Amino acid sequence: MDEINNLDEFKSFRERMNEKILASGHLGIKRFFTLDTNAFQEGALDVRTKEMLGLVSSMVLRCDDCITYHIIQSVIAGVSDEEIWEVFNIGLLIGGSIVIPHLRRAVATLDECRDLETNNPDKLKEQGDISPYE
Amino acid sequence: MDEINNLDEFKSFRERMNEKILASGHLGIKRFFTLDTNAFQEGALDVRTKEMLGLVSSMVLRCDDCITYHIIQSVIAGVSDEEIWEVFNIGLLIGGSIVIPHLRRAVATLDECRDLETNNPDKLKEQGDISPYE
Amino acid sequence: MDEINNLDEFKSFRERMNEKILASGHLGIKRFFTLDTNAFQEGALDVRTKEMLGLVSSMVLRCDDCITYHIIQSVIAGVSDEEIWEVFNIGLLIGGSIVIPHLRRAVATLDECRDLETNNPDKLKEQGDISPYE
Amino acid sequence: MDEINNLDEFKSFRERMNEKILASGHLGIKRFFTLDTNAFQEGALDVRTKEMLGLVSSMVLRCDDCITYHIIQSVIAGVSDEEIWEVFNIGLLIGGSIVIPHLRRAVATLDECRDLETNNPDKLKEQGDISPYE
Amino acid sequence: MDEINNLDEFKSFRERMNEKILASGHLGIKRFFTLDTNAFQEGALDVRTKEMLGLVSSMVLRCDDCITYHIIQSVIAGVSDEEIWEVFNIGLLIGGSIVIPHLRRAVATLDECRDLETNNPDKLKEQGDISPYE
Amino acid sequence: MDEINNLDEFKSFRERMNEKILASGHLGIKRFFTLDTNAFQEGALDVRTKEMLGLVSSMVLRCDDCITYHIIQSVIAGVSDEEIWEVFNIGLLIGGSIVIPHLRRAVATLDECRDLETNNPDKLKEQGDISPYE
């Protein structure tokens, strides 16, 4: 259950802090968060493609939390394992071996998400629903 | 004609240096270049998607030459302006305003490619054919 | 007069591309540009402090265009040379010697701005007025 | 009490390791640490401004420990919440959404510091006093 | 024994994930891992020099896992403390004070490795043997 | 003769700006420059190794001016082509394909330096002598 707890903690801290950020009342930051949400909604590109764009960017910039977020969303959007590994490959090649430690953690997160998808799909959906205020 | 010359110079310097790099005989570097070429060929993801992944990564990492390369390839692969602007938007949002100077140059390159596409499609294809050795 | 021409070219390319970017009609990008403009307007912090924050961020992220922009704005906002050199020092220390080439170019830009300030203050103001659409 | 423990651990590890670093006897590193300390002391810019410069640089470079350090120092130097949120906003805008996970942790640290400021001001001062050797 | 456990956990997670990565069957990623292994084997430069190159790169790119890996390998390859501190100094100077938190953790790792070298050399060798599949 | 002119311009701009930087009288920056010079002088590691450390760091951080500087110094210090290509390979692998445009320019610079070494060794030495004030 460790893995589920990890995603749970991730979600809970995220939510708690996002609420504080919005409660701060800073209009610029609030609008930035809205732009962020909008950018990943269906448009000229579908959600699947956008999530892969977010995932590869997070890999080359080496941000674990961002990678976790976009893997959850990619799995929910129906991106296949074969497709995600192609994204991993491009991220690794462009970003270099410095990306490898993040790739390892990404693989652990992907496993966890696939496990939820099979055994607890409602829980997976809940994990993906982490920006309720936007 | 400035713009066409820019892409021409880009291609010519690239080719000349790529030849020197391969002529160096370093096996590791040669293989890296092969991996790079392979990563962007049709697989579980199509070439269009892969080029957009390359483009967004180049934007958030702020590499003008890489952005130029992936815009040329995206246009050749048939990515529409609407789709490219979605990639620009995601790159800008994830990478921040520090990406803006690169976005400006990317817009100039996109213009140049669309111009070639209309007025000199053979020239555009030639621009995209810049890794003859791989 | 080289230096003035440099700033002129910078301004002219910026303006031309910013217009194209807005003409693209992408709402997300347009709003991002507005957030960017707003962030540097007087608020809980004055414009002087905000421009110094922008300058040091541009230095540690090593973006020449961004450094140029924030030096112009800092000079217009009345930041003294002594203050700018303190910002340079903090940027150099946090960002490391990899910042030095950008510091050299920053010093050339600062010279150019101080020269304009003395000999052609209207021109300097014009240089700073580079986001007319926002 | 978790939060206090976090800052306590941060301080204790920092101190232990800084001592080892100085004990190594490497003159270059020792002098670098001195330059670092000096850069943030009152000069042409006051300590408040310098700490905000350090904070925004740490945000755009995405270094949690550095963010924690400069938040502690900013609070001690009397930077208000309104001012810190302006710094957060500029860091987010320049650095992009990749900064968001660090912003969340920064908000948690700020809360912890404000809590100490109210309930245990001596403890807060102690937290800030983490470079005794310089 | 904490420190040994840290390195143990590092090794165990690495191995488990590396196996999953290879089991994914993605040829590009597999070949990238092979290139990575080959790059650090004796060639025109000896292993000692190559490990120091890997260490300084990991420092300026601020990747703790990569730093840990190259410190282990450097110690096994016979790099002295004096030499490692020179690498630390160059990494700090080029990368700036943003490297300091990583330097602190690097010093803790180096201590742990030297301790193993003295008290449990077989264990140290085992730690270094973390890419059995390549 | 283009290539020689490039290095000449690089040296001339560097010298002119370094002089201005020192003339600014900022003690912190002056001392930083001294630390930088000292770091690359013979110590527990020889100059050759240190220059390779500087070169690989400059590659993974993608700074053309820094790469140029360390190639000049490496050639003067007697690093062979085989050794430099090993450094290039490690920089490429760790830093990823985003390094390739810088690798191309590095190869052009290396050619230029080898040419000077053969045809105008005094000129090469002069190129390397770019920090007279430290």
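A few notes on this one:
Read from first to last, the chains carry the letters A, B, C, D, E and F; within each, the first residue is number 1.
Simple rule for what comes next: a contact is a pair of C-beta atoms (placed from the backbone, for glycine too) under 8 Å apart; a residue touches a chain by one contact, two chains touch by 3 or more.
A quick note: this is a predicted structure, and the numbers were derived from the prediction, not measured.
Any chain touching chain D that also touches chain E appears here: A, B, C, F. Ranking every chain by how far its Cα centroid lies from the centroid of chain F, the top place goes to A. Its C-alpha atoms fitted onto chain C, chain B is found rotated by 120°, rounded in steps of 5.
The chain with its C-alpha centre at the largest distance from the centre of chain B is D. Counting the residue numbers used at the interface between chain C and chain F, under half appear in both copies, so the two copies meet with largely different residues. Between chain E and chain F the centroid-to-centroid distance comes to 26 Å (mean Cα coordinates, whole Å).
Centre to centre, using the average C-alpha position, chain C and chain E are separated by 40 Å. Spacing of chain B relative to chain E, judged by their CA centroids, is 34 angstrom.
Counting only residues that touch two or more partner chains, chain C has 28, 32, 35-36, 39, 57-58, 60-61, 66, 85-86, 89, 92-95, 97-98. Across the complex, chain F meets chain C through its residues 13-14, 17-18, 20-21, 24, 26, 28-29, 32, 36, 57-58, 61, 63, 65-66.
In the complex of the two chains, the chain F residues touching chain A come out as 60, 92-99. Contacts from chain B toward chain E in the complex involve residues 28, 31-32, 35, 38-39. Of all residues in chain D, those touching chain C in their complex are 35-36, 39-40, 43-45, 49-50, 52-54, 56-58, 60-61, 66, 80, 82-83, 85-87, 89-91, 93-95. Touching chain C in their complex are the following residues of chain B: 62, 81, 85-86, 88-89, 92-93, 97-98, 100-101, 103-105, 107-108, 111.
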